[in-house]
Amino acid sequence: MRILLVNGNTSDEVTQTLARAACDAASPDTEIVPVTGTFGVRLIENRAEAAIAEHAVLELIAEHAEAVDGVLIGVSIDTALRAARGMVDIPVVGMTEAAMLTACMLGGRFGLITFSASSTAPYRELVESYGLMDRLAGMRTIDVSFVEAFEGRDAITAPILASANALIDEDGVETLVLVGAAGAGLAAQLQSRVAVPLLDGITCGVLLVEALIKLGAPPPTRGSYAAPAGNQVTGLSETLTKRLKEYGE
Amino acid sequence: MRILLVNGNTSDEVTQTLARAACDAASPDTEIVPVTGTFGVRLIENRAEAAIAEHAVLELIAEHAEAVDGVLIGVSIDTALRAARGMVDIPVVGMTEAAMLTACMLGGRFGLITFSASSTAPYRELVESYGLMDRLAGMRTIDVSFVEAFEGRDAITAPILASANALIDEDGVETLVLVGAAGAGLAAQLQSRVAVPLLDGITCGVLLVEALIKLGAPPPTRGSYAAPAGNQVTGLSETLTKRLKEYGE
Amino acid sequence: MRILLVNGNTSDEVTQTLARAACDAASPDTEIVPVTGTFGVRLIENRAEAAIAEHAVLELIAEHAEAVDGVLIGVSIDTALRAARGMVDIPVVGMTEAAMLTACMLGGRFGLITFSASSTAPYRELVESYGLMDRLAGMRTIDVSFVEAFEGRDAITAPILASANALIDEDGVETLVLVGAAGAGLAAQLQSRVAVPLLDGITCGVLLVEALIKLGAPPPTRGSYAAPAGNQVTGLSETLTKRLKEYGE
Amino acid sequence: MRILLVNGNTSDEVTQTLARAACDAASPDTEIVPVTGTFGVRLIENRAEAAIAEHAVLELIAEHAEAVDGVLIGVSIDTALRAARGMVDIPVVGMTEAAMLTACMLGGRFGLITFSASSTAPYRELVESYGLMDRLAGMRTIDVSFVEAFEGRDAITAPILASANALIDEDGVETLVLVGAAGAGLAAQLQSRVAVPLLDGITCGVLLVEALIKLGAPPPTRGSYAAPAGNQVTGLSETLTKRLKEYGE
Amino acid sequence: MRILLVNGNTSDEVTQTLARAACDAASPDTEIVPVTGTFGVRLIENRAEAAIAEHAVLELIAEHAEAVDGVLIGVSIDTALRAARGMVDIPVVGMTEAAMLTACMLGGRFGLITFSASSTAPYRELVESYGLMDRLAGMRTIDVSFVEAFEGRDAITAPILASANALIDEDGVETLVLVGAAGAGLAAQLQSRVAVPLLDGITCGVLLVEALIKLGAPPPTRGSYAAPAGNQVTGLSETLTKRLKEYGE
Amino acid sequence: MRILLVNGNTSDEVTQTLARAACDAASPDTEIVPVTGTFGVRLIENRAEAAIAEHAVLELIAEHAEAVDGVLIGVSIDTALRAARGMVDIPVVGMTEAAMLTACMLGGRFGLITFSASSTAPYRELVESYGLMDRLAGMRTIDVSFVEAFEGRDAITAPILASANALIDEDGVETLVLVGAAGAGLAAQLQSRVAVPLLDGITCGVLLVEALIKLGAPPPTRGSYAAPAGNQVTGLSETLTKRLKEYGE
C-alpha cells in the first residue's frame, strides 16, 4: 500500500526527516510518498501560518490522493485533518491524533511534550477538539522555537527528559507523546531513559493509517464528511478546483 | 470608527446583504468596510471549502487591516477568527461568536438555528471550541443548502419559526441565534413572532466590535496571540507576506 | 442612555469609586446612575452576606429601573444577576460576567485575580455557573480582605503584578481580569506593566450594557426569564412588592 | 436531636405539609422544628422571589439555630444552602440536594420530575452547581404552577406517573426524584406504581441531617465556609445582625 | 438492624480494624457483621488484584446477604459496588463513595489523601465513575504501600497532616477524605489538627447505610440494577450460583 | 504474530464466532488463539456476571500470555481491560474500545448500537471511563437479550438498520459501532445498507492489536500499569498465583 506523507511546511529537510521515521515504522510492503508544501512558511510557528497551511495541505492532497491508499498529515497541529477527510475517500490520519489515540490504547492518561511556548494553547485546543481532555494528564513545553527544536536535537534531549520526569512525577501521566517533527525518530532514541511509553506521531500515524487501509471502511454518504454537491470555484489550483467542483458527481 | 466586514466567500451579493445589516446595526459615526474573498468558493458548504477560506480571509485582513479600527468576520463558521487575532493588533470578532456571547448576556442557555444538514457537526464543533457547550441548549437545522437559504428567504420563514418553537418547547432555550448570512436582517423581521430574543451574528458582531474598539485593550506581548518572530514566506500575496515576515519587528 | 450602577454593599465610597470608573468608560451621551445598598453589610466578605445582598440589589433595581435603560451590577460576585434579569425588561449585566465575556472575545483562556482567600471557591462557582470553566486557565488570590484591597491600592500593586506574571507563565492565561471594586480604575493604571490585556468589570460592563441597549432585544415571553403571574407578597418594600405583585399584568 | 425545618415561603400550610413528611421520616428521638418565612412571597415561583427568599431563610436560621442540632432547608431550590452553611456551625442540608445524593447511593443516573415550566432552567442550574450533571439522566416538568401542584395532588398523579415512565423508557433513569413540597408524602404513595425508587427531598433530607448530626464533623476554620471576621451591618434583624457582626469572635 | 461489612482482601486484621471503626460509628441498635475474602490477595495493591476481588466480594455478599439489612463494602476502591447493587435487594454502599457524598453535604470541593503512588490513577477513575470530578479539588498520595500505611499508623501521621495542609492551601479543598483502611479510626484522631472536616469511609459508610435502610426504597424492576432473567452458571460457589440462576424467579 | 482472543463467557460457540471474525480481519501472518472462560455464565447479561468475568478473563490471560504477542478481549464490555494491562507486558486491547477509537479516526462523533435494554447504562459508563463522551453522539439499544441477538442474527437485521438510520438522522452520528459478539461479521454484511461506516469490535480490535505489536512500546516501570511488588495469594489458579506473587521480581 502507498501512504501520502504530507508536510504542510515548505521545508524539504523536515519532509525528509519525517519520511525517514515513516519508512522505519512502515510494513515492508508499504511505500511512503512524502510531499512538501508549495506555499506558506518554512516552519509553522503561529496561528496565522497554520491557517494558511490548511490550504496548502489540501492542495497537496488534491494533487496526490489518486495515487495513494491513505494519507498521514505530518504537521504536529494536524493541519486540515477534518477538511481532508471530507475531501477524499481514503483514510486520513493526523500525526498527533495518532499518537494520542495510541496512548489511549496503552492505558491511563497521557502527557504531551511540545516545543515553543506560544504553541501551548493551540495544542490544548487540539486535544479539546478531539474530545480527549479527560485523557490528558499534563503538558510541558520546551521553550525553543520549532526551528531550534528541529535543528538542535542534542540540545533538547536534557529538557525533554526533565519534562518527561516532571509529567510522570507531578501529573501522573502513564504514557508520553513527543509532539512534532522534532519527535520523529527522537522518541525511539530516548525511550530507554523514560519510565513510560514515549510515542511519536509519525510512527503511530503510519501504523494507524495502515490499519485503516486494511479496514477498508467505505466513505460516508451522509453527514459532514460526505461528499456534497459541487460548487463554483475561483482562483484555486487545477486539481483542487476539480475536486471541489466535482463533488457529488 | 471603521470596521472591516470580511466575507470569506467569493460572492458579492452575500457581502452586500451582510453590509446592509451591519450598517443598520452600526452607530452613526461607524463606517462599515465590506470586502469579498478573491479565491475559493461562492458559498462555503463544507469542511474543505472552509479550510481554504481561512487563507482567503487572512489575505483580505492583511490587505485592509491598516485602514480600519476593528474586524468583523462575516462567515457563519467564524472562519480564521483565531488566526486573524494573532495576526493583527486590532479587535477581531466572529459573527457567530458575537451572537452566542450576546445570548449569554441575555441569560440562560441558547439555541442555534442553522442551515444545511451537513453543517450541524461543524457548528457543534465551533461551540465546543469556544467552551460554550454548557450554554447550548439545542440546535435545529433546516435542511436547505446555504445558497437556498440565502436566496429564498421567504421559503425558509416557516421552518425557522417551527425550529424556534421546537427549541423553546423541547429544549428549553431562552435565547435564539439565527446563524449565517441568511439570518442577517431576517432575525429582526421575525422577532415579533418568536417568544425569546432572536439574534443574528452581524448585528451582534457590529455592536461588540464597537465595544472592543472603545475598550482599547492593547495587543498581548505574550502567549499564542502575541506577534512572533518573522518567518520565511513562499508564494503568498505581497501584503500577507509582509505581515508574516515582519512579525515582531 | 442611562445606566443604573448598583452597588449591593452599603458603602458609599465604593459606589463613588465604581461610578468614576463607569463614567470614564461610558460614551459621552451615557449617564451613569449610581446607587448604594440600604441594608446588609459595608463590604460583602462571605456567602451569607452575599445572599442577603441579593435582596438588597433587587430592592435597588425595583426602585430605579423605570428611570434607566439598562443595569450594571457593580458587585464582583454579580449578586442577583439572574434574578434581576427575570424581574425587569431592560438589559442587566454583571461586572465580572462582563469582564469574562470580553476576555473571550480577545481570544484564548483567561485568568482571574481576586482578593480574600475565602472568596476563591465562590468565584470558581461563579465561573462554573456561567458555563465558562473551559475558558478559565487559572485564578490567583491576593489574601487581603476586600476592605484592605479597596482602601490600600498601592499596597496591592506588587502582588497583583506578581499574580499576573504567575498566571501568564504557569497557567498560560492570554487575558486577565482584575476582579472587584479594587480593580475599577486600577486595571488601566497597571496595563502597561502586564503582558496581556488586563480587564476590569466596570469598564467592560458599561461597554456591554451600552451594546445591549443599542441591540434592543425584546424581553422573553417564555422561559425562566419571562415575567410570571403575580404573587402574594409580604413585608417587602413598596416598589419591590409592586413588581412581584404585578408580574404578567 | 432537633432539626430545624425551614420553609422560605410565607405559607404556613406548606410548612405543615413539609413537617408532616419530616416527622414520618424522622427517628423516634428526633424532633422536627418547622418555621415559615416572615417576608417574601407565598410560594416561590421565579428567580427574583427565590433571591429574596435567600434573605428570609437566613433570618429564620439566625433566629433558631442555637436551639437545634441541624437544619433542613425545605425549599425545592435549596434556597440559601451554601450561605447558611457558612453562617452556622451545625449541619445544613437542602431537600433537593439530599434527594439527589441519596439517588447516587442507589446507583445509576437519576431523573427529576418538577413543576412549573419556568423552573426547568433553575433546577438544571442547581444540578450543575452541585457538580452532578453527569448523574442527571433527564428531567420532566409538569406544567402546573407550584400552587396548583401543591394544592391539587390528585390532579397531578397521572402526569407524574407519565413523566416517570417517560424518564425510565426514554432517558434510562435508574432512580427518580419528585421535586418540591408537592412531592413530600406523595412519593411514598406513588412508589408502588413506579418501576424505580421514587425519592422525595424531605424524607431523604431528614435521614441525611440525622446522619450528619451523628457524624459530628467540626466546622471548618479555613476556606469559604469558615467563620470570617465580623462586619458592619445595617438594617437587618437583631439576630442576623448579631451573627454577622460577631463572626470570628 | 444488621450491616454486612465486606473486606475483599484476605486479611483478617484489616477486617478487625474496619469492624472496630464501624462499631464506633454505628447506632446502638445496629449490629456490624464483618467478613473477610476467602481468595485473592492479602491487601489489594493493583488493578489485577482489585479485579479478582470483585469476584471475592460478590461471593461474600451472596453468602451473607439474606442475614443482613444492608451492605458496606470495606475496600477503599469500592470493589464490586455496582455489581453488588444489581445482585441483592438491600442497600449497598461503598466506603469511599460514602465519604465523598458526605463531603458534598458539608459543602465545597473535597480532597483525597491516599496511599501508594500507583493508586492515584485508579482513585481518580473512581471519582470520575461517580460523576464527581467537579467536586474533587485535589488529591495527595503518600507513597507507602497499603501494608505500610495500615501497619505503621504513627509513621504516616506527619505526611497525612502535611498533605492535608497542602490540599487546603494550594488546592482550596473544603473537606478531606482519608482514604482506605488506614483511615478508619485515624481520621477522628487527627481531626483536631486539621482545619477542615476530615472524613473516613467506614464512619460515613455506616451512617449512610443506616440512613438507606431506614429509607426503605424498593429495588428497581427496570434498568441496569433490576434483577434480570437467570443464567447458566459454571464453576461458582453454591450460593453465588443460586443467586445468578434464580434471578427474576 | 500470535493474538490471544479472550472470551470471558463460558460459551464456546461465541468464541468460535469471534474467532472467525478475527481470522477474517487478521493479516496473513497473524495467528488467532481463541480461548473461552472456564467459570462464570454462558453469556454475560448483567453487572454481577460481568464482575465475575473480570476474574475469569485474568485467569485465561495468565494461562496463555506467554505464548502470544498481544491480547484482544472479546467481551463487549471490555471486561478486565485495565487489570490485564497492568498484569502482562504485551499489548491488550478491548473490542469495544478498539471500535470507538477507530471511529475517532474516521472523523466526527460516533453512535453505538447495543443489545439488551439493561446494558445501556453499563455501556454509557464504559464510554465515560474512556473519556470519550464528547465523541459519543448517541446510543440505540435493541431490546433483545444477548442470547437472542447472538443466535438470531436475521431477526435483528431490521432493528439494527432502523437504529442506524435513527442515529444518523436524529443524533447526527458520523460513524457507527455495532457492539458485541452479535456484531462480529454482521457489520460487514450490513455495511452496504448503512450511510456511514459501520464498525465491529473484533475487526477493529485485531487491526489495532497488530499495530500495537508492531509499535513495540515497552511496558511502563512507573504508574498504575507498572508491575508492582509481589503479594500473598490465596485460592487462585497456579498460573494466576504465580503472576501476582512474582510481580516485580
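Per-chain residue numbering starts at 1, and chain names A, B, C, D, E and F are given in the order in which the chains are listed.
Keep in mind that, in the parts below, a residue touches a chain if its C-beta (ideal position, glycine included) is under 8 Å from a C-beta of that chain, and two chains touch if they have at least 3 such contacts.
These figures come from a predicted structure and were not determined experimentally.
Using the contact threshold fixed earlier, the set of chains in contact with both subunit A and subunit D is B, C, E, F. Contacts with subunit A and subunit F are shared by B, E. Interface residue usage between subunit D and subunit E, two copies of one sequence, is largely shared: over half of the residue numbers at the contact are used by both copies. Chains compared, subunit E against subunit F: the Cα-based superposition rotates one onto the other by 180 degrees, nearest 5. For the pair subunit A and subunit E, the distance between C-alpha centroids works out to 44 Å.
Centroids of subunit B and subunit C (each the mean of its C-alpha atoms) stand 28 Å apart.
Once the centre of each chain is set as its mean CA position, subunit C and subunit F turn out to be 52 Å apart. For subunit D, the set of residues touching two or more other chains reads 82, 85-86, 108, 120-121, 128, 134, 172, 174, 223-226.
Every pair of chains meeting the contact definition is listed here: A-B, A-C, A-E, A-F, B-C, B-D, B-F, C-D, C-E, D-E, D-F, E-F. Taken together, the subunit C residues at the contact with subunit D in this complex read 10, 38-43, 45-52, 54-55, 58, 80, 82-87, 118-122, 125, 128-129, 145, 223-226, 228-229, 231-236, 240, 243-244, 247.
Taken together, the subunit F residues at the contact with subunit B in this complex read 108-109, 134, 172, 174. Subunit A contributes residues 120-121, 124, 128 to its touches with subunit C in the complex. Listed in rising order, the residues of subunit F touching subunit A in the complex are 25, 27, 82, 85-86, 91, 93, 97-98, 101-102, 104-108, 130-135, 168, 172-175, 191, 195-197, 199, 203-204, 207-208, 210-212, 214-215, 217-218, 220-226.
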